[in-house]
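Mind looking over this structure? Questions follow.
Letters A, B, C, D, E and F mark the chains as written, and numbering starts fresh at 1 in each.
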Amino acid sequence: MNWIDEGALYSQISLFLREDLGRGDITTQSIIARNTRARARFVAGENIIVAGLEAAEEVFLTLDSQQQLEAFVSDGEAVEAGKVIARMIGFADVLISAERVALNLLQRLSGIATLTNNYVKAVEGTGAQITDTRATTPGLRPLERYAVELGGGYNSRFGLDDGVVVTSHHISILGSVSSAVRSAKEKLGYLHKVAVQVSSESDVREAIEAGADVLVIDDLSAEEFGRLTSIARERSNAIAIECGGNITVANVREYAEAGAQLIRVEALTNAAPAANISFKVQPF
Amino acid sequence: MNWIDEGALYSQISLFLREDLGRGDITTQSIIARNTRARARFVAGENIIVAGLEAAEEVFLTLDSQQQLEAFVSDGEAVEAGKVIARMIGFADVLISAERVALNLLQRLSGIATLTNNYVKAVEGTGAQITDTRATTPGLRPLERYAVELGGGYNSRFGLDDGVVVTSHHISILGSVSSAVRSAKEKLGYLHKVAVQVSSESDVREAIEAGADVLVIDDLSAEEFGRLTSIARERSNAIAIECGGNITVANVREYAEAGAQLIRVEALTNAAPAANISFKVQPF
Amino acid sequence: MNWIDEGALYSQISLFLREDLGRGDITTQSIIARNTRARARFVAGENIIVAGLEAAEEVFLTLDSQQQLEAFVSDGEAVEAGKVIARMIGFADVLISAERVALNLLQRLSGIATLTNNYVKAVEGTGAQITDTRATTPGLRPLERYAVELGGGYNSRFGLDDGVVVTSHHISILGSVSSAVRSAKEKLGYLHKVAVQVSSESDVREAIEAGADVLVIDDLSAEEFGRLTSIARERSNAIAIECGGNITVANVREYAEAGAQLIRVEALTNAAPAANISFKVQPF
Amino acid sequence: MNWIDEGALYSQISLFLREDLGRGDITTQSIIARNTRARARFVAGENIIVAGLEAAEEVFLTLDSQQQLEAFVSDGEAVEAGKVIARMIGFADVLISAERVALNLLQRLSGIATLTNNYVKAVEGTGAQITDTRATTPGLRPLERYAVELGGGYNSRFGLDDGVVVTSHHISILGSVSSAVRSAKEKLGYLHKVAVQVSSESDVREAIEAGADVLVIDDLSAEEFGRLTSIARERSNAIAIECGGNITVANVREYAEAGAQLIRVEALTNAAPAANISFKVQPF
Amino acid sequence: MNWIDEGALYSQISLFLREDLGRGDITTQSIIARNTRARARFVAGENIIVAGLEAAEEVFLTLDSQQQLEAFVSDGEAVEAGKVIARMIGFADVLISAERVALNLLQRLSGIATLTNNYVKAVEGTGAQITDTRATTPGLRPLERYAVELGGGYNSRFGLDDGVVVTSHHISILGSVSSAVRSAKEKLGYLHKVAVQVSSESDVREAIEAGADVLVIDDLSAEEFGRLTSIARERSNAIAIECGGNITVANVREYAEAGAQLIRVEALTNAAPAANISFKVQPF
Amino acid sequence: MNWIDEGALYSQISLFLREDLGRGDITTQSIIARNTRARARFVAGENIIVAGLEAAEEVFLTLDSQQQLEAFVSDGEAVEAGKVIARMIGFADVLISAERVALNLLQRLSGIATLTNNYVKAVEGTGAQITDTRATTPGLRPLERYAVELGGGYNSRFGLDDGVVVTSHHISILGSVSSAVRSAKEKLGYLHKVAVQVSSESDVREAIEAGADVLVIDDLSAEEFGRLTSIARERSNAIAIECGGNITVANVREYAEAGAQLIRVEALTNAAPAANISFKVQPF
């Protein structure tokens, strides 16, 4: 994460804590004396790729800057079930009050990294890249993109402003692939490559003739995807080929072998279950 | 959702759009003329409980107030695969630029409502209530609680400030169940009920003697849970009994039949895959 | 004050300074050289309970972090007229420019703590608790609740979200005490106690039958209040009894002796005159 | 109030409501159906000058724009005990949830206007003006200045940035009245008048010689104040004379008759008890 | 301007008004009765391209939504000295209080459009495009880019995040043109074109071999610029050629004729004097 | 700059960086390794008065607090072309990413200080003061006023709230100079001097009779300005005389010699070209 994202993260964590604490953790405030020292541990409950340790640490520090976290692994490392990921020393009330927000981030991001890694391992050796999409949780895109990277995936465009992708929506309104591609190239071609979504043989031809830099071929069977890829390759070696839609861990390798250089997977960020990670607080 | 949540939602949607649009949808701006009228449809790709239609509509309206959404179902209704959920009339550029944020909300919330409903159906007739937890997506708790309700679940406390739950962390620091419960009752008993996490026969006895209002029995097999429940019931008919931890759609009914009145399921909000809902834009 | 309130206090103090300084203290900037060292003293002008010293210190620190305050008493202590409460060493311009905001907080909070303490002393030995209400200065509730505590009073619910009180407004709309209490217990009884405002013998009976946890008996003479209290006590020993409305330092003990366990006093926060505390700046 | 203050008021009221409602009025939400129509009345419980009706109305409108308030008096009017000030028609839940914030503003501002008016009436016919000070409630200065005006008082400088007052603090640091006044005139005299705090005969002479435009004579008996005023008048007819400190309704006329043109009263905004105004909700 | 920029503009104008009005236009408030109707006119004092009329109108509307502006020209039109650009009908106090902020925007933006147009006319017929740079006024970039477009210029990248330009700084750190270009292409080439700053014959060769899409040739005489351009053209027809640095209205055509396709001019946004436009308020 | 302005500056710089960096400096992030040490220099490209070095330093520090700037001159000093103004040591990526925002501030402010100084030198020895106006860049007024001071100019009122100037707009609405001046004096005369814009002999007489403190005589030739000044001086020695409108470096001395004590120049802040200052980054 760069400065921009880090700055945003700090203010977000403050909001996340407010969302959970509201006017304060009344249970803990009523029964635990302030400044009671305590320790705690994060333990992996299954095999995972860890992601979000720094964000989790920041949650505790935001509540009280005197908590210390000692991590035994780094973001991006694979750990096995039972492994102690990190331990903390601090105040009992702070550790207890911040737990849930920290876990919500750590479990969610580790879940994304772990699922991403499953896709990455499935295409190992084919040269294909697994990329994320804009199907992220609203408000958490920078963190989720970071988790995808930790899992071995690649980030596609951050948003609608930093990449040009002509989709079937645009084509449907404009009436043809070639007019859409030509228009985008003319206006934005000085700074940007132009990608275009195609779904038939004629689309592929039109796109290449109009000067598209990337072909996006979605929602086809691996076989049909391979057929269009061959047609494209006959015409251009330079053009990049990307696929997406209905990709699963089970079938992703077929697309890679059929010629996909980039494989977009929405599930990385919209269907990854939270990783099983627990947190235990104990007296010092 | 009440006034507080609605106000928060409006400002959040604005932030979500900024997250996705950044400095603007450069592709659409470069190839689609402003004020080009278009129409679009949301279609269910699988059997789901719909949740988030109003939030999705608000996304489009935030971008441009002239878009019109006609919903064919209401939030909370079950629809079958293939059903057109809603249709829109508006401007092509607005429909295309707002699509992703709207879908990210609608798919995620419908996913939660659908998963919740699976749990609810699994305990039908037992009288047990499926409740959500604080394991929500940071920043989206009000929306996710709303989706749980639409799926037939119940909301537990909003945050650490509006309910008193003495957990194993507190007990570990204080040294005994009874001292923790007594302390909480003394400070907060005037306005609040006191719930306490217990995991053994002696815990159950201590909690009831100390005057706990709710017993929270987590991470046990249904059989062992039932045993503790019986012990509790011998001592008090008034106390409420709740369970949680490792509950699945497959085993949830066992817990309900073993005496759980409230069943907390973290997965409702941290492991629900996005529902399959598509969006298609066409010329007017 | 907890983390939530402290964080809010810091940003509020910044706003309070802006309210008073606007574009800057033009008088001081024009005649006092920057970095001129000076000292100052806060002196009590009457017998008071001190409240708000930390907030006052924070005002100076917000303007310039190099000011030092040495307090001779702590928040909550009683001091006699003439007592030097604290002295400061710092820069003349900062001490002068921040004075008014610091005094506005310190005088107001000490006024509340002092008035509260008068009520508390009046019921000494009766076991009754003096509690604050929601009749606080808009924007200053956390600070004013803190001042009430320092004066020996108790805090009632923070706001409408963390306690259930069925008032005469609700009863007037619903038509009966019992339907209002039953409805509140059913929806909120899992986490919350239910308090209800009653004003007649039949109200008392209805409330107890419907399962209310707290009776709120307002705006009656001490004698009449005592009569209703007796009726309630005949039926339940567990129910808590609270009074409010027209309570003065002169008559508060009568209510305590008539059986009030909790006595709500709006005047604590909406009629306490600012305490007489002065501030003098001198050359170093 | 001008545009600046009105804009600020709207956003403040939103914050005030959040302070009181937090995550929502759980009692009302649980027992009153949405859209239940109801009516309500504000009634004066003592003789007062009304102030803050528009602000109170805005509280209800902020929660829900469909509430209607019909005022029977305007801000600034005197009403007798028992008078219905305004009535409202709207939704029961909105009327109940917004009541406390509306009353907190209306009672406080009416209290200030009423107290101010007592001072104003006490100096009637003398030509002296009662003015407010910067001893306002942090965060509420614009509203409190407005209430002072409604009570017949005058507003002194808004803050440290829009008026030049050389105080005893400045003089203590600079060492002499004349150096302080001369310095202020040189830097700020092009746009501003210069006021200076004096406490002795020699101070008065120095100030007039140095060119001060206003003399501020504080904390003296009316007799002693009169003596200094006469000395000043011998030297200048143009200079304005102001007093402050320990002024009460009982003694204020003495100062006016001793020659005070402007009389600063801190109590107007830091010791006015909330006015007695009640609010009753009834079914429609 | 798109939605993003428009939203930002509205909140900026509010800040601009606060900057100028602070606590209010005390002169106008003290001498002009509210709701006094008046009219006003904007008149060009020299030949200009008008830019910023909508922004200026928004300034008046932000202060009070009842002001009406009737424009006689549109943004982007050329007008001669003496021409009435627009007239307004509204309230005297609003017209007077908002004047300065409205003029500050209108004069500045028209100044930029007018200067841009001088450059554009100077290269007429050569096919070269005049483009803006990131040397804009901090905080006003969207408005200034809009003014450049109105003057006939082109917008280059909005910021550091939406275009890849390898500058002499990068090359100095990395040690060679080719390693910098290759690295950028590898990481960003999928979505973006890569531009690179070159200053010698060998730079040009390296850049083209490394696959650069745009050559940026700055700070050379037109003759020397032309020499490098010819060298580049011998190797590639596809590469775009841009120049910048020390370009004036007097010499810009030489660069265009020497082969510059894009000419970056910092002066458009950092040296354009405010256009002479006056505003006169009169009674209705 | 005082505390108020400094606080505002810090948050502004953060916004300025976001304006330029958006989602990050993608070029630099893709080709420069983090923590690569580098050095850089600011060099004057022409004779200038330096202004804005602290603001420029703050830009780098905001991005990363480990950058060090060593300044060879202070804000307000005159330097000759070729002079190294400051050098920096830090990280290559930070130096490169922050360059543009830092330069935009430093060049603009130095341009204003330099132009101001040209006016100041032109009136040397006459006793006249060159003052700024409210024709500043929206959002940058505090910084631009600071630059004017560094160039030897004087600051006039900050905004409409801290000085009373009756302009021709007010007079046009009210119908006469004297009614406008009298009204302003009555309402604001206790704290403020009253300035009034006059344009004829009769205006001058009316203004002085009504008690104006400052005459503002705009848009006249120096000769005609001198004539009105003489008429004013015959009537009052105390009144201050100010001129403005169409003042250039070439003609400013004529006005000073004709009796102007204060000369307002809009061009200082709305027509100063950015100063020529360059920035070079090199390996460490």
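Quick note on the criterion: contacts are C-beta pairs under 8 Å (C-beta built on N, C-alpha and C of every residue); 3 or more make two chains touch, one makes a residue touch a chain.
Note that the coordinates shown come from a computational prediction; the quantities given were computed from them, not determined experimentally.
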Least step count from subunit D to subunit F, where 1 means the two chains touch: 1
Between subunit B and its twin subunit E, rotation from the CA superposition, multiple of 5 degrees: 120
Chain copies touching (subunit A, subunit F) - same or different residues, decided at half shared: different
Computed distance of Cα centres, subunit E from subunit D, in Å: 48
Separation of mean Cα positions, subunit D and subunit C [Å, integer]: 22
Residues within subunit B bordering two or more other chains: 21-24, 26, 158-159, 161-162, 164, 192
Partner subunit E, residues of subunit C touching it in the complex: 22-23
Residues on subunit A engaged by subunit F in the complex (per definition of touch): 2-5, 7, 158-159, 161-162
Residues on subunit C engaged by subunit F in the complex (per definition of touch): 14, 18, 21-26, 29, 63-64
In the complex with subunit B, residue positions of subunit C that touch it: 157, 161-164, 189-193, 195, 214, 240, 262
Subunit C-touching residues of subunit D, taken from the complex the two chains share: 12, 15-16, 19-28, 30-32, 36, 38, 92, 95-97, 99-101, 103-105, 107-108, 134-141, 158-162, 164-167, 169-170, 172-175, 180, 183-184, 187-188, 192, 266-267, 270-271, 273-274, 280-283
